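Sending over a structure as structure tokens; questions will come in a sec.
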């Protein structure tokens, strides 16, 4: 084994160890782990957005809607129809996927600004519809959603959820990476770089755009379903345009078009306000704005570019 | 719905629509000339409105002067944004440019919330006094000011675009940026000018509409969404289209809200999607060409 | 008058021009010949300031043009008529012309307009019409008139006959001959080597970003290589 590979292995395993040990480190402060759990859920949703925008080149300003659909579907199935929680989550993912197909259709005809506005409209209208429905609790929101349970095992503590979510993050991220390395993934990237060239090479542009939308929506739906059973409270206003833009911001800050970007962006997004503290809460919004501007202007791959630079510096 | 109610709703809708039109025209002006969809248009207006608020309440500056200062502040913000942000990334993808303005919008919101706190504040209207009755129509004085301001702004913008050489240059850039540079048009200064005008319009629009809501960091969010709807309806490419689109949306929204309150918000969103899918060129645009 | 000295320039990581030197004296028409991709258009863009000079220098009279913006180069008295005409389709003919003299005082603009309308009567007729409604030949006339609008001492013409019907090509070259009499110098880039050598005083042949041949138009017309490559019946 060459020294640099050895070093990389050591760094990677120590990062893995650190990730696994965090709940023990913060044993006395489970709220920290709770925030990290939220960050991981955001990271999952953001990974879908990253797939769509960073790799597919398709703008979406309505991504929060997929989370809402996944979350509400799963929660309503469990609460109103007593469906098994695992099946409910699967159903949530599937429903989000179907909506991905519906919202993906405009992307066949629209691009750039037009697509941005169309997804913004569709995304916001989902939140609006949920607000009008009775089964979703309407404007009162959905309260007392049971907490996550896998088989007979209830994940009541933050730490237990932490490990499950970490596992899910790894699985989702690997799935996205493998998708991108597959034939379909190459086609998706070809479509991003030049739709016309891709079409000329025989890529079915329309089909791949829809596939990307559906895949991205499913991932966000999964995030939303898990979110519902973690927070135990859903309100349509939390899934409007503002949250869609927040998800987008996370993916930009983390680094669009990189696999680790979403987790970096989401952790940064969730933890910065905690680090800064309640009294200076809005300073973090200022920093987020500056981070996005800085990312676009100086670090197009966001935080993950920083990571890459550190790696090169340390010759990892 | 009686005729009187219909008339009242329509006229009042026009005044709301005038604000959508003001925001939308600024966005289209910048979009057409510089190819940047400015998602920070509403929030730069919001930030300027905070500055205006403290000028009025704390520094006791007269309202008319504040209005001028607010327009100037908008222009300065536009200049800064163009010179120090947009210029260096002009050649990047649409996506990067959209992201940049989203970052800017977040920055304005954060600054407003951090510096001025988030609790809603009541912003005094420009003019007070009893509503005015014109036949069966009852109109607030501020509403009349808003309508007049939108008309005047539209007039000024029209004169700028069609009667000045800078305006002609802006139109030429929107049609063929390369040719404009080849002919020796100083495109960087035109970009700065257009950003200044566009942002000044944002400040004006926000200041005019704020008395109807309350001043808080998020108050321009929904208005900006409506302005985008107006642009799409008007065909993205035309300042005139954005103005008419804004007015139509203001009126229809008001009528729908009265008759079918349940679908008030979703209605406009559905309109956007249908317009985009069925006639993406909007009411006044031509497909696949950038123009005013 | 114009001196391009050992200029290197290009796009991104690629140098298109490799130490190109050309010169042009007052009143001359100089043609630049070469295949597609030889760097003819790049040469014009470099002179106008649309592309940065990486090495070498461009001087006009006693003025160094390196680093000037296109707007400043136009003020020095050089105009550029781009390939493909690039008429603003939704602006009127008159607006198209006025924009070409952007920094000129209004009274002077008026004089230039009158002079050009006298020269191109078709444009005077169509002055209120949108540029996009003109025919290809009319658009080329408008493009030439736009190039003349700032009253340049030197005009850079990029493929003025491209995509035009043979009869109209004749008109274009007649116009260029008339321009010579009015004292404007012309640097002409053309695919139509035969026509341009007939018109030009001197010519350069660019091959992959370097000057491969130069001489008087008559010498080059007789040159075997030029005959084969650019004047041959097959092309």
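For clarity, chains are labelled A, B and C in written order, and residue numbers in each chain start from 1.
Convention: a contact is a pair of C-beta atoms (placed from the backbone, for glycine too) under 8 Å apart; a residue touches a chain by one contact, two chains touch by 3 or more.
All figures in this text were calculated on a predicted structure; none of them were measured in a lab.
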Relative to subunit B, the most remote chain by C-alpha centroid is chain C
Chains joined by the largest number of C-beta pairs are A-B
Nearest to the mean of all protein Cα atoms is the Cα centre of chain B
Averaging C-alpha coordinates per chain, one finds the centres of subunit B and subunit C separated by a number of Å equal to 42
Distance in whole angstrom between the CA centres of subunit A and subunit C is 54
In whole angstrom, the CA-centroid distance of subunit A from subunit B equals 32
Note: subunit C residues in touch with at least two other chains are none
Subunit C contacts subunit B in the complex at 48, 50, 69-75, 79-80, 82, 86-91, 95, 98-100, 102-103, 146, 150
Given the complex, residues on subunit B that touch subunit A span 31, 37, 85, 88-89, 92, 94-96, 98-100, 102-111, 113-114, 118, 218, 221, 225, 228-229, 231-232, 236, 262-263, 265-266, 268-270, 272-273, 276-277, 280
Given the complex, residues on subunit A that touch subunit B span 53, 57, 59, 106, 109-110, 112-114, 116-118, 120-122, 124-125, 128-129, 132, 241-242, 245, 248-249, 252, 256, 280-293, 295-297, 300
Subunit B contacts subunit C in the complex at 165, 168-169, 171-172, 175-176, 178-186, 289, 291
